[in-house]
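Same chain, two partners: chain A is paired with chain B first, then with chain C.
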Partner chain A sequence: MASIQSKVREIYSLEQLSGKHTCVHALHPSAKIVATFVYVVTVASFGRYDLERMVPYVFYPAVMMALAEIPYSLLLKRAMLAMPFCLFAGVSNALLDRVPMLSLYGVVVSRGVVSLFALVFRTLLCVVGVLILVSVTPFTELTTEMRRMKTPQLFVTLFEMTYRYVGALAEEAGSMYTAYQLRGNSDEGLQMRDMGSFVGQLLLRSFDRAERVYSAMKCRGYALKDGCRVSAPMKARDYCFLAVTCGLSLLLRFVNIPGMFSQWIGTVLL
Partner chain B sequence: MHMADALLSPAVGAAMCAVSIGALAHSTAQIKKDDLCEKKIPVMAVAGAFVFAAQMINFTIPATGSSGHIGGGILLAALLGGFPALLPIAAVLIIQCLFFADGGLLALGCNIFNMGVIPCLIVYPLIFRPIVRKGMTSRNIAVASIVSVVVSLQLGAFCVVLETLLSGITELPFSRFALMMMPIHLAIGLVEGIVTAAILGFVHSMRPEILESVDNRTRIGADVSMKKVLVTLAVITLVVGGLLSIFASVYPDGLEWSMEKVAGTTELEAQGGVFDSAAAIQESTAFMPDYDYASAGEDGSATGASVAGIVGSAMTLLLAGAAGLVISKAKGRKGKAQATV
Partner chain C sequence: MIDVQNLSVVYPDGTKAIDGISLSLADGETAALIGANGAGKTSLILSLVGVIPSKGEVTVGDVRLCRETVGEIRRRVGVVFQNPDDQLFMPTIYDDVAFGLRNYGIAEADIERRVDCQLRELRIAHLKHKSSLKLSAGEKRTVAIATVLVMEPTVMLFDEPTAFLDPKARRNLINLLGRLPHTKLIATHDISFAAQVCDRAILLKSGRIFADGASVELLFDEKTMDDCGVEAIA
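Let's turn to the complex of A and B:
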């Protein structure tokens, strides 16, 4: 199944991007996680109609993607996956909330239309913010930070193993599907009547693989015990990064700088 | 059903994160009690990866021209047990959030609750297990799967509606939003339920020990003090009934509001002999009419509402206890009668 193989490639493509060497990649993972979290929370905290106030937040993804050399198209394509439900909610706002909000050269724009654009913009910012974090932070550093944040060892180990075996089982599912197609079902896709045995077989193979994995881990001295890998301490540049990103996020949240800027434009230029 | 960050306010997102973290912590603690905990981790991880891979497999839904994929909550719970299933589901949702932008970071708590906690910790022990406990047959597995998946998807969709509305993001009124979400997820649930039933049926026919060896021992353990649980519940009831009732809104409730808009009055006067007799009985028995002292007057009194709350709670507790006692006595007598036969 081409879509399974492309999904497998997608799984590890962001991981490959995180292996680059730029100033953003060199930052401490804690600083990047905290900055992303503050960014997402402040963007999500804006009201339904605060489109103008959210616009300056586009600087963060623009600057970070440029500094980290992340392809824009890759992240925007991933961000599109999050759109459908938000579009549904936004379009319903546009249809139900018809109170006029502003007039642009004779065209009356309702509050609902503004909230539609605000919702789409907010979704894009939040999704791209998280994708940037994953693109500049290797998976092992993410899990090390999870351990530092006192996440139980059991869950972190499970998370690491799940991530590792997603690709392996997706490839197995792909091979099984190829075999299914070669048995004369190429035009119709996987039929619902075959779903039970198909997925059941995949499940049984997964369980057998789990037994082998456990035996291999024990042979290599694995034992579940709480521990914490020591990561490097934060440096001055990490604190500067945090101060700038979190400070600006909070400043823009509580001070209406775009409004002041619009007023200045209205006074000086118009 | 993955929710995005843009549909949630930070307050709702944070609250649901706290709930989900609590559920995950409790599940982790339950799993750690098991001596085979270490061996279970590869099984759980591979099961999580399996669900992820299975979600990529789209199957054709007949007569609709569309396709769908399974969710996996009930499937994992049936294979691993309720608590061990929640962790791989959470791991998969985190991977989908971080790497596929499928669900937001702030919405992770909501997604883990809607698609993990509801099927694994609520629906599975209350619906799936009681049905298959009657006998691990193909029919019971099918019925349990379909009913559990439909109920968990309906509850999950309902929670999505509540979480979005509480965040104040959408203009859609509650009824219309729910009317749009619930039927769609009913259809999805039926299809997923049938597929889950087929998968579990296949596994049961090929390797019955997998389903039968699931640790069904999720009864309340001997070390949980029921006395503490009951005292805690009683204190919570008193606080809610006694203190919070002071702040009860004086505005008409939903039904009264609707009545006022439709009929111009919040109460309809019933006429007839039966209604008059019933009203007379109610007047003589109601010692705190309108949740207040009988002598409170038109404006009512704050302590009247508070006392009413405490008294109402106490009476409710007594009635519930009495009902439980009666049922236990009745079951005891029935058991003795069957033993003598």
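Let's turn to the complex of A and C:
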């Protein structure tokens, strides 16, 4: 349980990277939000077997991480947290869809296997894209801009609350588990017979804690007036960033550049 | 400075947490709010800033608490919570202290200046870029106070400020509160702390004011304190 707490703290540590001073951090939050949105939507819109067409999208996270001085390993480790969910979905594809699609050095690869790799790759790109956004934009700026961009209030509040309360939940779980262990007679962790009451109590306690945190936020002016926070206007560099990132994302979506490239290579070699 | 008339708080389950309280605090006055567990101290504090719905009148300066003025009231009245962990939820101390100012639309340059100034004043500037997860209880308490002071309130409400503090941190807190010129209402179980910091004591029992008077008299009055369900200073 203590490791859950440390994992959650690791998630928050990403946000601490947002305090750096690089050219990416200096960009306007709106520009970064729109660029990430376009990137995620275009990556997610590819067909289930379009694995090769997604490959060029690796450049966006690679370049952004380099420019923003974000450690690759740190971000990839966080992104891995999302992998089990898509792996479960992808494995069922591989098992059910066995129609041969291509042959690699004599090994027949089914459509299901291609869709498994495409799903994992697509998820990785999307998650890394969002994690980069969180790493280069302070959380308050992110939510302020989301409100300014007329994102539904309910969605922004849910986003803020979820983000804050994950920590509260983990802290409560950690302290409850320590108390449980100290009174337990084994080191085998939480016993199945205690699971129900433990989880129930955890939810009740987290709810209480969440109420107190929300009260503290309200006492300091939270949720009083929407859009009273001010933000600077976008500059020329922000528009340039938007044009380049969104332009490339859309170009790669509508023009099959990897296909053209492989055709050209084939022509040259043959 | 703060005037409360016939304030009542009833929770949805029917529990009467506050039952027709009337009190007023003068400019710069420091009063202790004392009572047993469940006497209504926290409910009173939260209802004064409109976090808990209440009936009755609360006036801070010339502003009366209502739906339209709740923002102004919360700017004028700062609340320091019992558990600083409930109050510190941002990734860094800087962001935590800046949180309230950002909600009120203060320009970022001003925020930076005010936060830096506040952290320096409370001698915690070295914590600026740290996460609250890495602070001691005393440091967390000081940061929680900074998050409120930076809003430049005129009234400060404290809920059990000595909870979780060791003797040294408690002594530092007493010194700090002594330096603050604000009107202060301090809910506490720590009677000797109240005697050192507050000129006035308000005893609460079952959501009502049981006694109200000078700390030097009330807090040493064994019978009154005992009737109120708390221990007097020996």
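Just so we're on the same page, the second predicted complex is superposed on the first by the 187 of 270 C-alpha atoms of A that agree within 3 Å, B and C clash if a C-alpha of one lies under 4 Å from a C-alpha of the other, contacts with A are read in each partner's own complex, and residues count from 1 in each chain.
Here is the rule we go by: a residue touches a chain if its C-beta (ideal position, glycine included) is under 8 Å from a C-beta of that chain, and two chains touch if they have at least 3 such contacts.
None of these values were measured; they are calculated from a predicted model.
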item: Partner chain(s) touched by A:191 [first = chain B, second = chain C, both, neither]; value: first
item: Chain B versus chain C as contact partner of A:19, first or second or both or neither; value: second
item: Touching partner for A:217 - first (chain B), second (chain C), both, neither; value: both
item: Touched partner set for A:140, first chain B, second chain C, both or neither; value: second
item: Touching partner for A:263 - first (chain B), second (chain C), both, neither; value: neither
item: Partner chain in contact with A:206 - chain B first, chain C second, else both or neither; value: first
item: Partner touching more residues of chain A, whether chain B or chain C; value: B
item: Partner chain in contact with A:36 - chain B first, chain C second, else both or neither; value: first
item: Touching both chain B and chain C, residues of chain A; value: 164, 209, 213, 217, 222, 224
item: Touching residues on chain B, where the partner in the complex is chain A; value: 2-10, 13, 24-25, 28, 31-32, 37-39, 41-50, 52-54, 56-62, 67, 70, 79, 87-88, 90-92, 94-95, 97-106, 164, 168-172, 191, 194-195, 197-199, 201-203, 206-207, 210
item: Chain A contact footprint on chain C (complex, rising order); value: 46, 49, 51, 70-71, 74-75, 78-79, 81, 83, 85-87, 89-92, 95, 98-100, 102-105, 107-108, 129, 131, 133, 147-148, 151
item: Interfacial residue positions of chain A with respect to chain C in the complex; value: 9, 12, 15-16, 18-19, 138-140, 144, 164, 167, 171, 209, 212-213, 215-222, 224-225, 228-230
item: Touching residues on chain A, where the partner in the complex is chain B; value: 1, 3-4, 7, 10-11, 14, 36-37, 40-41, 43-45, 48, 78-79, 81-82, 85-86, 89, 92-93, 96-97, 112, 115, 119-120, 122-123, 126-127, 129-131, 133-134, 142, 152, 154-155, 157-159, 161-166, 168-170, 172-173, 177, 188-192, 195-204, 206-207, 209-211, 213-214, 217, 222-224
